[in-house]
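Look for subunit A in each of the two complexes below; its partner is subunit B in the first and subunit C in the second.
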Partner chain A sequence: MAGKSGRTINATPENVWKKQIFSWEGILVIIFIAVIILCKILSPNYTFTNVLREMPKYLSEIFLLFPMAYILLLGEIDISVGSIVCLSATAGCLVSNAGVPFGGVVIVILLTGTICGAINGAILVKFPELPSMIVTLGTQIVFRGIAEIVLGSGGSVSLSNTDGFRMIAKKAGPFPYVFFLVIISAVIFTVISVKMKFGRSLYAIGSNRQTAFYSGIRVKKVIFTAYTVMGLFAGIAALFLTSALYGANTTTGKGFEMDAIAMAVFGGIATTGGKGRLVGGVISAFIIICLRIGLGQINMNSQLILVIIGILLICAVLLPNITGNMKLKKKAN
Partner chain B sequence: MSEYVLELKGITKIFPGVKALNQVRFQLRPGEVHALMGENGAGKSTFIKVITGVHRAEEGEMFLNGKKVEFKGPRDAQAAGIAAVYQHPTSYPDLTVTENIFMNHEMKKHGMIQWKEMNKEAQKYLDELDADFKSTAEMGTLSVAQQQMVEIAKAVSTHARIVILDEPTAALTANESEKLYHIVDKLKEDGVSIIFISHRFEDMYRLASRVTVFRDSQYIGTYDVDKITNAELIKQMVGREISDLYPKPEVKFGGEMLRIENFSRTGYFKDVSLNVRAGEIVGLTGLVGAGRTEVMEAVCGITGFNQGKVYLEGKEVHIKNPTDAGNYGIILLPEDRQKTGLILSWGLGRNVTLPILDKFTHKGFINEKEERNLAKDLLESVDTKAVTVFDPASSLSGGNQQKVVVAKALAQDNMKVVIMDEPTKGVDVGAKAEIYQIMGELAQKGYAIIMISSEMPEIIGMCDRVYVMCGGKVTGELERSVLSQELILEHAMEKSTKKEGA
Partner chain C sequence: MKKKLVSVLMCAAMTAALLSGCGGSKDTPAESQSANEPAAETETKTETESNEEAASGGKTYAMITKAAGNPYNEKEAEGFKEVIEANGGTVIIQHPEAATADAQVSVIQSLISQGVDSICVAANDTNALQAALEEAMDAGIKVSSFDSSTNPASRMTFANQAGTQEIGQALMDAVYDISGGSGQWAIVSATSQATNQNAWIEAMKEIMESDSKYAELELVSVEYGDDVPEKSTTVTQALLTNYPDLKVICAPTTVGIAAAAKVLQDQGSSCKLTGLGLPSEMAAYIGDGDDFSCPYMFLWNPIDVGRLSAYISMALVNGDITGAAGETFTAGDMGSYTIVEAADGGTEVILGPPFKFDPSNIAEWKDIY
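And now, the complex of A and B:
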């Protein structure tokens, strides 16, 4: 049953280069370059090797960004990840001090995170009418609460055997191991989001959950998977955080969830779901990290750094709105 | 004093692409109950919204007590003493009855709300209506009937002289309806004029002295209720001529494709059994709210069901979600294209290929070129009016959006049963004919088709067999040879004539 009118529909994409440069990701690259130039001017110590040396303590947070971006694309949110990091790190330190070999410690840390994430996912899938903001607020309190109970009155635990953790904190040339893992994860998460069925499903669910469900997308499975992966990566973040701190305490990972959300939003991923790209999130993560390191080097007050990043974030969210309004006004005229 | 308390002349209301009202007139006498009848989509609701100032008509005049008026918004209509009570009360469920009644016209003294007086006053209105609940009750805890009573009390509290009741009995049991009749009688005694919209003839005979009929956005006539027979009235409501809009091909039926037996879901439908053969177009009709869509959504695994069995080609199948249904080849084209049929912000191509991503995914990776070409072919096969496969779905007209939904179904190679829910709702006549054409071709290719529709002409024009539903039950199964609008309507309204609660 061919079209009766003989009408044809074009299926060739336009030349995409122009689009890429004027996209939000294009602007982010420019901001990234500007930030590096600025830091270079401000601080004489702002060299490639120095920045890489300071990077590991920030890098563990980036592990949270990738799955958080997925969850935001779904139109959901997870604010319990900071607590999952805390609980996983605590569990890891305790079993390590109990004499479990390093391999076992790694498994415990990753498994703790994965189970926590799966709990979030299971609740949200079982009770779809509950908002994820509230559910993960609840588990945020519960997970950290459990960690605090386990840590007891002292509120902290130090590793008695740091051998294994020292090993993963090593470097290859100027690059810490964790840096490679971040890059590999970034590539995998980005490719899945643009090239694979799971990624397409994320965007479909975030754009119109009902239509996705009616079209045969396994909505519950996708949501559960995203939250479980979030938990696993909170475990990975906990592993590298522990290898930098040699211990855990009740404030470990506090605020990590907000940092991850900020990176994603700054990268152009909308909290309403279905919009934005992983690439943007990754670039914005490095912008924030490089800015923090630079401002830290000139001994700027760390609270002031937070204020600056907060303001940047609001500007980043406002910008597309302002340009969008301008376009609308043009159209109206 | 004029002969009519309300008179409208030559009202025309145009929505983008559709004339919702075409030169409609209406006259309301003081103290009368005037019924307004017509099929779904005949323009009754739009007409009411013109009277209440929600919509402004492009053409026409409105007279109140002989004086010409022009409402700029609902507030003007309210001030002029016109109040409307809708089928689904638009109330604030978390506030009390008093607050709902006095919403926007609270009793104030020095800027302070006078709660005591207001509660007392509200209770007075409720007592007048013989209400069995207190004015301090929370709105959300009341039944639909009680909420309607509150809406009526609200109308009374604004001293409305014209009250419009939009299908007030649709959600009521026989007892509750009786109570509503009493209230209407009471209002009438107080000299209030009432416009009453209903699908139930029983309501009309019991209450109204005159009835006005709309059909296809046009005024058909006004009749005295005791001078017109039931049959005549139905003819006026549905009696349009059927042209060659319906290219129904002669198809030799194959074996039975889908059969459902004793399907039940508490509160929605009960003991529904039906079947469809290859090449057959089966209609599922009835008034809005009869449970048609709910049955088919349960078949496709979108909602659950309590009881019943589904057979595909003679074998029992268990469908737990839409993915299962798709795997079995049972494809639903949902009624609401914008909410459940398409992702409006996405391009057409990706919309079409959403259910069949596996088809061009190799070793886990989506081959986008293959995807685009497949989408292009499918969209062209249904003759979609679009420039590229990247055009957002939101940029298309209703009819073309429906074609995209059809293309999306056709993408699924294993398709055996096609369920189309109101496929021509909100679609202009030209695109309608094209959709019927596609439907006929699908039947010729041997697909089994179920069409849910409220539109009598398309049911009669396209279907080989029709199931009529009413109150969650199948009340009739009619062969093509005996199909008539009167017969369908008779079955669709069975509940009201037999007077039994669902």
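And now, the complex of A and C:
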């Protein structure tokens, strides 16, 4: 990955990164197993079938994790995805109620998401000096605002024909269709991030944007693509969420962006960019989902569940820092 | 190596903390369950002739509120719990993490896994719970709604606090009476998609248009305070600024009316307030004369709503009713109720007409709820 200037981008950072993150993913797997054992002990209903049956609602959020991980790797952030989910679901429900066949509805939902994502990307590429947090905060308000205007005073729209959505919510054995799609997406996104040029550019840009630019990486194109893909996957999330809720309302998808960011950060992906691996994000997503399902089954106060997940998240961020500091001290000594 | 060791140790500590944390809360339901069992036994011994009560023992009844921190829902849950526990059943009260349909779907899914016998839910959205509740009914769970109903396809019946028409009529008459029969008035509602709020507002509009008596009243605006005190305060202030001649504000939500009452009373506004409010929260604002912002308001007893839905749940689980119109059941000391057709095409059980709180009785009710 050395650029024309002859400077090495990866040599030093990659070594540190490999050591630290490799062990972090190992820890995640241990935590995952611990969580499953814990839930199994706590709840007699924590069976394979029950967990899979409860999962689809949470799985729609994982679709947001993959592209969100890419954006975080770039050192950027997108907090508008929850609103994109809301707007896409609203658009889908409205065209479905207008009599458009299900295939058309799917296209409308995905297209709405993609366009919203592309808008985010275009703004950020056109005005690179703007922080992505502020731009997507703006579009977050705008996209949900449009959905609220379209939904009008009732604030919600319900599907008059749920056939198509019932179809995609079906299961193959105990596995909901959406589960396979999540796994396939996870594999594709992981392979791209590890093996493909696009994936490596994400790390390069996230580590040092200037260097990446001078190494001939088309930074703008990569950023635009990442945000557009984010939009597309927000559309996919909206599709499956609609199949669970048979409609959309002004609160649809609220907080999804934070859940996706939380999953990614817990998985060891740094918000500063350039660090972390998608595998970690996927494992941590399943940790959070399995934990929520398990704690839900023992009727734990849902606010307490949020508190626990919040604490886990802080620990996840602190841990590498603490160990990193200790190492630095050791070196200094 | 040391770094790894430290990380592993911290992880172990974290998991241990989690384990102990969960262990604590796991004990609570178990304890309450064991505490219930002897009670159930004694009850079956003393009241063996009461078939219904004996049959409720050992069953699990779940109630899902709109969200945590809703005092009205908590009172309903209190009534629900009281009746079920008195009859030897196990109660699960679940507050979703947010006041959204999404959050309620997760709770419903979890209750299906637990194999509860009945679920009664105050819906955050009329239609959005359908998929989850249909799945629950397919799994043999008896589903009913209370407070804010689901659509007919996702429930067996609905414990309605008061008929929509009766509430609309009571509120409309109050607006007519307080305004003196003419002038501008406005509504401060909860969220724009709350099923019950929208039904009452619709009913008020229909009543206003159907009778020429209300012809001189002008509904200038419907504002949404989202059941958040700050937002309700803001929209009330905006109403006063935008419509200086406003005579009456009607807030058919407990959060909205309390916020509006404070704004009006603090500003000494000539605009008066009525609506649906909790006596304990509104006692300071109810009174005659210009020092008080609210001459009178309405509500029903939320504890009774909870008790009624408990009796409905038990009757459904015991097979005494199926939720069809025309069926009757006995709700303990509350008397006998009949299931009737609801306006949305489903069925419902109506608790009774709304109760009026005025300066003469507020002192006695404010300590109750």
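Of note:
To be clear about the criterion, the second predicted complex is superposed on the first by the 311 of 333 C-alpha atoms of A that agree within 3 Å, B and C clash if a C-alpha of one lies under 4 Å from a C-alpha of the other, contacts with A are read in each partner's own complex, and residues count from 1 in each chain.
We adopt the following convention: a contact is a pair of C-beta atoms (placed from the backbone, for glycine too) under 8 Å apart; a residue touches a chain by one contact, two chains touch by 3 or more.
For clarity, every value in this text was computed on a predicted model and none was experimentally measured.
Of the two partner chains placed by superposition, only subunit B is touched by A:K195; subunit C is not. Applying the stated contact rule after C-alpha superposition, one finds that A:N208 touches subunit B and leaves subunit C untouched.
Judged by the touch definition given at the top, the superposed model places A:T112 against neither subunit B nor subunit C. When the two structures are aligned on the shared chain, A:K254 is found in touch with subunit C, with no touch to subunit B.
Shared-chain residue A:E54: touches subunit C; no touch with subunit B.
After overlaying the two complexes on the shared chain, residue contacts for A:S83 are found with neither subunit B nor subunit C.
Once chain A of one complex is fitted onto chain A of the other, the partner contacts of A:L304 are limited to subunit C, with no touch recorded for subunit B. Greater residue coverage of subunit A by touch, when subunit B is weighed against subunit C, goes to C. Applying the stated contact rule after C-alpha superposition, one finds that A:G296 touches subunit C and leaves subunit B untouched. On subunit A, the patch touched by subunit B and the patch touched by subunit C do not overlap at any residue. Contact residues of subunit C toward subunit A in the complex are 2-4, 6-8, 10-11, 14-15, 18-19, 21-22, 25-26, 29, 68, 92, 94-103, 105-107, 109-110, 112-115, 124-128, 130-132, 151, 191-193, 198, 222. In the complex of the two chains, the subunit A residues touching subunit C come out as 23-24, 27, 30-31, 34, 38, 42-43, 45-47, 50, 53-54, 57-58, 153-156, 158-159, 166, 169, 241, 243-247, 249-252, 254-255, 292-293, 295-306, 308, 312, 315, 319, 322-323, 326-327.
Partner subunit B is touched in their complex by these residues of subunit A: 1-5, 7-13, 195-197, 200-201, 204, 207-208, 210-218, 274. The touching residues of subunit B, counted against subunit A in their complex, run 302, 321-323, 325-327, 332, 334, 339-346, 348-350, 354-355, 357-358, 361, 364-366, 372-373, 375-376, 379-390, 408, 438, 441.
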